Structures are given as C-alpha cells and as structure tokens.
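Two complexes come next, and they have one chain in common, subunit A, joined by subunit B in the first and subunit C in the second.
On to the complex of A and B.
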C-alpha cells in the first residue's frame, strides 16, 4: 500500500460535479449485455431502462437469474468481457458515459462514486485481512489517506453502522464477526468514501430475519444522513415495499414493469408483478389462506421463448403473447409495463390482485352491495 | 497454541518407535550378513568374528563385553527386541552407534559430516522451487490460456512424469558431454573433499544441476498448485468486493488474492523441504553427492545397519519437526486457524 498520506484532489471526483441540466443522477437506457458462451448467446441483460436521482431508492425485484445483479455488475464494469459483451444501450452517471469510460477512470468511480454491497457477507470479506484495513482500503485508494488516518476513519465508520467497541473490532478478522455484523462492516466499507449511489445486491438474503430489518433500517438511516441514492436488489417485493421510491420488476433479463412504489403496488399492469404481489405472505389474517405461487420456472436465458418471455407461465397468455414480443405500454408518468394488455382497462380490472386500486374499488362496491342486500 | 505444539511433539514418540521397529524387522529380513561383508572376499577368523559380533551386541555378552556361550558352546544371538531397546537407550543418551564398515567410526560423526551437503543442496533446491514454481504458477494463472499458460502446463506435465534420476542423467549428458568445450565437463562433477579458496565460485556451480534435478518434480507441482489456487481464489466473493472498491486488476491480485492463494503452496513447499532434508537418494547417487542420501544408499548396499538406522532416525525427526514448523507457520498466514485452533483442539 502507499506509505504516507498523499493529497488527492477530490473536487475532480464525479460525485462533486453538478448533474448536467436535463439529466438525472443515473440514467440507464435500453442496456443490453449478452454472454457469448459455448452453448450460445445468453441474453443476461436485455433492454433495461430506468432513471435515479439523489436521495431516491430504487427497488429492483425479480426471481433468481432474472438479471438484477448482472445489470448492475455490468454498469459497474465488473463483468468480465469476454464472455460478456455490451450489445447496446447506455449508462450515464452525472452525464458521464460509464460504459465507454477508460478503466483507470472507472476504477475511481467504483467504491468512490458508486459503491456496492453484496449478498453474502460471510464470503464477501477477505478472510486474511483485519476489518479495519478492509474498511479503510477505499479511503487510502480514493482519498490518499495514510494508514493511521484510514484506520481512525474505519473506527468512526464501524461506530456509525452500530458495531460496538469499534476500536477493538477494527483489529479483528472477518471470521470473528457474525453474519449481521459482517453486513454492517460491508455497509461501512461501501459508505467509506461517501458514494453518490449505493448498490445493495440482496443485502439481507443471507441474514437472519430478525437482522434483516436492522440492516435495511441502517441503510435508510445512512441515506438520510448522506443523501445518497440506493439501488436495492432483492427477490422479495416485501423488502422494498416500505423503502423504495421506484420499483423495477425484472424477468428473464428484461424489465417487465417500472414505476413508483405506489404504481407497482396499487396500479400494476403486468401479470408477473401481480404474481409477485400475490406471493407476498399476508400478515394479520385470521383465516389460513394458501399463497398463490407463480407456477413453473424462469426460462433459460440462452433459449428464450418466442414472443413475451413470461407467456409460458402467464395464466392470461394468448396466441399473440406467444408470437410477438410486447412493446412497453407507458402511462405517461414514467410508469411502464411490457405486456400486450397493459393498456386494456377491462383486462386489468378483471385480473389485477386485490391490492390494486382499480380492483379495490370494484370489490368495495361489491361488499357494499352485499351488505345492503343483507340488510334488505 | 502451546498445547497444540506439545500435543504434536508427543505424537513424535509413537511414530518414531514404529519406524525403529520396522527398520529392525527389515534388518532381519534382508539377506546378507554385515559382519561377513566386513572381510570382503576373505574368510574371517572364527574368534575375530565372534568378538566383532559381541562388540556390536549382535550376540549376548556378559558385563565385561565377553561373549556368552550356551551348553553346546555356541554364541547366543541377541533377540531383535533387545537390540532395539539397546538402540533406543543409546539414542536417548545421544549415541547413534558405531558403523560396521567404516572402521569403528561413530554414526553421528559420519552423518554430521554428510548433512551440511544435503542441507545446502536442499536450500538451493527449495529456493529454486519456490521462485520458479510460484512464478510459473502466477504467470499461467494471470495469463490464463495464453502461450505461457500452455507452456507451463505442458512443461509441468513432462516434469511430473519424468523420473528425477533420468533428468539428472540427461543434464549430465547435455552439460558435461555435449557442452564439454564450454563447461570443461565440470558441471556434473562431484564435489571434491577439499575446496581451495579460489574455487568458491566453482563450488556454487556444482549445486546447479543437482538442485534442478532435486527440485524438478516438486517445482512442477508447486506451479500447478499455485495456478489452480489463484484461479480458485479469483472466483471468490471477496475478490469481487475488492474490485467493486475500485482496486485495479493488479492490485486485486497482489493485495487480495495472493495471500489467500499462497497458503497451500507454502505448506507444500515447506513439507517438501522436509522431504529434501531426508536426503534425495536418487539425485545424490546420480551426482555422487556426498550427502546423507548417498551415504544411506551406500550403507544399504553394504548392510551397514547402524548408518541406515541412524540416518533414518535423524530423517524421521527432521521431517516431523519441519512439518510441525510448517503447520505453525500456517497459523500465521491464516488468521482463521490462528484464532480457531485453541477452541477446535479442546
């Protein structure tokens, strides 16, 4: 490592430059990244688009293998190319093209402007180095801190993420930490350089249920303090329900629906989103209602079905679905759904889950009518 | 940690006793009488033979060392277990016994004179193994599927398959015979007993070919272990974390991957050093190297059991001590072992 501290001009950091007029903090447009393997082309990321602003939280939801993680690894330049290859689209961060950035500059973006937390805290920390060294490493790299400065800051960071006795803990090794504590370390490590965007790749999946809420709360707390944006990747719609401003639902490498959290939960227009909503276990119901799963498995990305990728599992699929890839139906508020019938009000009213407003209205009316009928 | 070391040292005892018993048993099985061999072609005078046997405790003696005879006037052979006990007793007093064939020289003195050569050769070979093995493994892992990777993979396959003594002979043939004009035929010559001070550089030259021969197979293995370990470590989650932090590819390898990948390689090379200290019988014989391996080979041919016993005893102890040191060093490389050991041992 570097011996002494050196002065690093942080004013040149992208995160300290203004977002250009007419741009968002992060703009992903029609991003496509395919893996070229011996078994053929795997369309891992197939036309992902979204925008994100400072202080916002985006939830990215989908089953395993739906391309949630790969999309963001692609944006960070963490996918080895080959076998990966960008097939189209763009990613702009504060107006800078991330996909065509020179590797040296990209390294400065990673960890400094955009940081990432990974799913499994048990294996994501290097087992042979002390926690303090690992947390402070980014600061030494991006800010030119000396060993002592970095360690001092690491103590403060561990304290901030709620690790007791941080002065002692910085000198311990990862295996001496519990899973929840390690994920706190990962968060401290990711937030060390005050990144603009924090990408959390299933940060709670490997954790105890009781710890999950703590970690989510911690990330929100840090967001309030630092004003960073969060991309929360999860397969659990329930996890993002409370914290996400926007939600992107992905399926087989494609975004099938995107909108505000409100729009996704109450005005969703895609049968896959409905399936996810129906699979959330309901609390506080007296009657034991069986969950409604989405039957079948996601398709192999190297052998996608013709037409709509969800059609083989969609209960409402028609011949049109099986033949033509659906265009995005946009509502005008930024909300879109990739379904042939997303614009069909009757279809949605009939099939949307109970949470849907369009549905609720009709159910409520029915209830009233029933009550009236009972009284009469 | 101390408890662990103590436990390991105590484990030395049964291993050591087992090896000694096996050696004594083999001594009885292998044909050839060392006392008769002492006289070579000539026939020994019967009384001299009895006296010799008595002096080596091969037959029962009284307190003054005179042979005891049974009712038929024959000598009584000392049972194996008794000789074994005598040997262990001598060993506990620091006495390795007396050579049969080398005119009453103490085994300890003979081995003491041979060990520096074995040790120096082992050090040269192990440095060669560490530098070339780790280096080649690194190159082939970092430049995976490149020309160098293919080259290393091919070369190591050949070296692993090639018997060390044959490689030694080929090297001698090439440097000593084909390149005679350049080397003066000296590359393969054995070390002479007396080095003149002016021959310091030349002395170093004598180590090269035997060291290459001795290190060849294990260097190939070390390179392969290094390659596979580094490739495996590069797939670990913490490597992805390091890259996401903004480290360059080179920094990721040197700061995060190498230390993890090195742990098994260091263990392998360390244990290999133990094996080399055992004296490389084949290499030393091919190069007439005046080390323990060659001496053991010679002693086996001449049924000079005290030397065989003595050298094997020293080898067993050395190998066990080096293995223990390697295990301890493991704990310094891997904190999981350092801190986990006391709990796991309990």
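On to the complex of A and C.
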C-alpha cells in the first residue's frame, strides 16, 4: 500500500495451523446442496462424505452430471446462492468450517490454502494478461509480493513445471501456449502459494494422451515435493488407477461407493462401479469380448427415481431397490457402498466383474485342483 | 477375419497429400507460400465389411484424411479410389452418386443435427436428396432405423434438443445408415460421450456392421476404443502414417517408437498393471505442421532418434506380412529404459 512490497503475516494462514487432534485435514460430512430452479429442486449434491489427509490423493469418478465438480465448487464457495442452497452437512478444513466462513476469509483460503485447476486451460486463463502476471497474481494477493518479486517467482514456478525458457515465456500471452503448456501454467498458478489441497477438475481431459501422461507425472512429482493433498476429479477410471489412494464413485449427485483404490478396482461392491469397469474396452490381446454397457441414461436430477437412484439402470434391481433408498453398507476399513446388497457376499461373488486379481486367484485355484486331481 | 478381401479393396488411398495455405492477412494467406502439411503421402486400403481404425493425437491429420476421402476437401495430390473410381476426379454429379455409398458420422452430436428439423426429417434427408422411395416409404424406413438404433419409433416427430448426447449420436448413426452405404467414415463418434454411453454406441456400431456388412473408417484418438472396434489399425503422427497392422499385432508387437509410447501412455483402469508396467513419457509437444521437422517427423520427440533420423525420411516398409512401419530403427522390442531421456 505504501511501499513496493508489504509484508503479510502468513502465520495466521489456515494451512499453518495444526490439524485438531482426532481430525483430518479435510472432512466433508453429508454435504447437501440443491439448486432451486423454476423446474423444481435439483439435488446436485446429495450427501457427500469423505476425509482427506496431507500427501493423499482422492479420485472422484463419475459421468457428466454426477455432481463431482459441483460438490467441490460448493466446498470452495463458488456456487451462486441462490439458486444454490446448502441443505445440510458440513465441510471442515483443519477444524475450520468452510461453509460458514466470512467471504473475506474464504477469499484468502481460495488459492492460498486450497487451489483449483480447471479442465479447460483456454477458458480459465485470461487472454489479455501476460502469463507471468497471472501466475504471480496469487502471490501478490495472498503474500503481498511486489510486482518484481511475483514475476521472479513466476519464472521459477514455470521452470518447475517444465516450461522451457521461462524468462521469455512469462511475457507471452495464453494464445502463444499449446494446450499442454497452458495446463502446466495452470498447475504453476495453483501451486504458487504452496496450497495444502489441490483440487484438479478433469485436468487432462482436454489433452492428448501423451501430454496427459506428462501432466499426471508432473502433478505427482509436485505432490512428492510439497506434500499437498490432491482431489482428482475425472470421468476416466484409468487416470486414477495409479495415482489415487482413495476413490469416490459418484452417481446422480450421490457417492455410491468409496474406498481405497484397491477396494474400488478389486473388491467393488456397487453395481454402478461394476458397470463403469465393464464399459471400458479392455486392452485384449487374444480375443475381443463385447462391451457390457450400462443401459439407459442417467436420471434428471430434478426428477430422481424413487428408492435407489441407480435402480432404473441396474441389471440386478429388485422391488426393494425401486422402493427404498439404500443405506450405506460399510466394511471395517471405511469402504462403503450405497446398495441394498453390498453386504451380500453371494450376490457380490456372482455378479462382480472379473479383475486381473480375481483371475489370478481362479487360475491358482484351478492349478491346485489339477494337482489334487493328479494325486487322486 | 470378418471382412472379405477376395474382391479387392472398397477404398484405396494412394499417396494422399493435403496442404492448407497457412498464414494470416486479408486473403487468409492464400498468396503466402507457407503451407500446413496436414496429410502427407498417406496410403492404405479398406476392404468391404472391414473396420479400419485411424488413431493419432490432435492435429495429426486423421480427420483431414477422412474429410479428403469424402471429398469435403480436395486433395493436394494423390489419389482416392472408391469402388475403383477416382474420387478426386469426380464431377458434381458423380460425387453425389458416390456419396450414396459413402456416409459420415460426426463427432459432436450437438452440432451435427439441425435443431430446427425433427429427427424424422434428419434421418430421411439423405433419402430425400437421393430420391429414394416415396414419402411414406421413407418414413417407414426411418421408423425401422429408429428401432434398429435403439430409439423409440414414436419419437419420429421430436426435435434434437429433446434427446441426450448418446441418443443424438444414435440419430446421427441412423442418418448415416439411411442409404445403406458401403463405407461410413466415423470421425470420433464416441469421444463426446460418457463411458457407459460410449460402450452402448460402440456395440451398436458393431451390430449394424454385422447386419449390413458396412465398412468403417473409424477415426479416434482413444487407442483402447480403436483397438476394440477395428480389424486393422493405422497410427498417424503429424500428417504421416507411421505404422499399420492388424489390431492384435499393433498392440502386442508395436514396431514404431511412437506407437510404443502411445500405447504405454494409455491409462489402464487396473492399479496392479498400472503400477508395474513401464511407461514411456514423451517429452514436449508435437511440432507445428507448418514447418514439420526434416527427415523423420517424429525425431524431435523420439526416445531412440539418431543422426540419420533428422536427415533421411524413413521408408514405408513391410516388417512382417501386412505390418508396415516407417522408422529407420523399428524393432518389435520395446524401447529400453535407458533410452528414455526426460
């Protein structure tokens, strides 16, 4: 205000405060956010719960309209209210209630403590500002850097995310960057203030597969270095397979299954997760199997089916499914599935898709039986 | 194999090249000398009933290839023979007749259907243009087609906005099949769709092929989708075809380093496999097609490039029967870890 740079006290930043005993870095509990529109109530977020700790990566998987983006926009206070309205639940970050935080404080949290990367790097960068200015903006705002300091740090950040000749490129405009390079700029921007949590909303969907691999590797490298938590929102189960510690599968605004990556891929208990896995063409090398799609279309959020929201498309749905909303069935490890039959071992064994692990087990069992048979 | 090679190819593309004028200015660069080399010396053939997959990253020229075959673009040089006749030399009337047998399915089911036409009008339009049947007969065919693609025939008078993305793509497919063409060029037909819907549409395309014996040129950037649907697959990079083979060989014994890296970059929805498999992550972005690299166009990003690669264009050679590859150092063995310099 008076000089070129003002010192900002960062010790009051939420990310520098300890996580209260017995709590997690981020705790989302039964979050509900509905849009009140002329066509009725749209239940966009309907009971989302999860916890996240530093260094962890959460994958949020679901099809378009499943509420995965809007859940996180709600948490960040980016949904205009009205038409949106929080109908229940809570979001605690290091013990602080994000939903009831004054806007001035929330502004300081956004970008500084929790940063976001969006899907489309073209529309999320301002075309009339130079890259350097945009990358340094957060530092000027949250850390009180001077223009020169911010630009210097922007050069370092661009270098860190693998942009060649950063000194030259800070003075260029977004249109002079390719899609992959723009997404690197977005990552540099998000990481500028060393955030605690990075929410990446389909960060690689608009990119080619070789560039996607580069960006995912970069995000992992940055996480190893900074120890931040990542929420990776994607529609592609493949993207989260090797980087997610935990996965939440969403359908029609609700989490239908949550668990560790291994639990979701190898011990899934929800027919929707099975359907997603079966819909992906396998990299078969001997024989092509026909895909098993999920029939029908996702329901309109303003007119949800009675009972289980997935029941109209579920091949195993019973009258109970069509009448009663399922409770979450939870195993001892925190793995839960919102399905009436998630606790039924026979049902799961009969209907769950084959996985590379279950195939190994069945081959081993066959071998055993053969040796037994040989002995007898 | 499912397709028939005894009668020769349905479509034969020979040394196809398409260049667009580059640069800006009042005349859109029409008088400038620089060109975008979108497709360069591409040759392949498609047999009746075959699905030929064309895969590559954005800007590699796969869509331009498809559009030039249909003569939505005029080729700069090279020839396209469809049922033995050169598409590039056809006049307007011949083109119209040719397009009765060659149809197109577009990527974006929102942009490719006229919002002011009912789906009955949309699907019957190709028949109207080609004067097939009477009005009643055409509507009867539309109802049949709607049923075949899994839409309710009673919805014939509805408008595109009343349908979801997956359903609209079914309308686009019904339109392409209205004239029972011999070849359909599918340009990224499922990439705008969610995975559960994508599987529905892929199965539908396969069913329709079994039913009508149509050949597909299937253009997509998603390798697992292309592998799933194709009999043979071609990989393109920066306007050049770098490898062609049957689907199985391409995935088990890829020869070209670009194919190898592309395959290794595809995310596999299986943590055990994903964590243990070796990945080749290419450095940098694809270069601009306005000024493509000399020699092999891939040499700037190639993990095994040597001096020769920047000087000489690699020859298009047959490395095994039916398996072609353009690389000086192509080998069926995956690139060694030590070659990867990041």
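Here is the rule we use: the second predicted complex is superposed on the first by the 351 of 376 C-alpha atoms of A that agree within 3 Å, B and C clash if a C-alpha of one lies under 4 Å from a C-alpha of the other, contacts with A are read in each partner's own complex, and residues count from 1 in each chain.
The rule is simple: contacts are C-beta pairs under 8 Å (C-beta built on N, C-alpha and C of every residue); 3 or more make two chains touch, one makes a residue touch a chain.
The model shown is predicted, which means the values in this text are computed figures rather than measured ones.
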In the superposed arrangement, does A:242 touch subunit B (first), subunit C (second), both or neither?
second
Considering only the touch criterion stated at the top, classify A:67 as touching first (subunit B), second (subunit C), both, or neither.
neither
Does the superposition put A:110 against subunit B (first), subunit C (second), both, or neither?
first
Residue contacts on subunit A - larger count, subunit B or subunit C:
C
On the A-aligned overlay, A:59 touches which partner chain: subunit B = first, subunit C = second, or both, or neither?
neither
First (subunit B), second (subunit C), both or neither touched by A:209:
second
Using the superposition on chain A described above, determine whether A:126 touches subunit B (first), subunit C (second), both, or neither.
first
Which of the two partners, first being subunit B and second being subunit C, lies in contact with A:295: first, second, both, or neither?
second
Contact-wise, after the overlay, does A:84 reach subunit B, subunit C, both or neither (first, second, both, neither)?
neither
Please identify the positions on subunit A that touch both subunit B and subunit C, taking each partner from its own complex.
none
Would you tell me which residues of subunit A are touching subunit C in their complex?
63-64, 178-181, 208-214, 217, 235-239, 241-242, 261-262, 265, 275-286, 288, 290-295, 297-298, 355-357
Using the touch definition from the top, list the residues of subunit B that touch subunit A in their complex.
236-238, 240-248, 255-256, 259-260, 333-336, 339-340
Seen from subunit A, its contact residues with subunit B in the complex are 1, 76, 78, 103-104, 107-112, 115-116, 118, 120, 123-129, 137-138, 141-142, 173, 175-176, 186, 189
Subunit A touches which residues of subunit C in the complex?
57-58, 164, 166-167, 194-200, 202-203, 206, 221-225, 227-228, 248, 251-252, 261-262, 265-275, 279, 281-283, 285-286
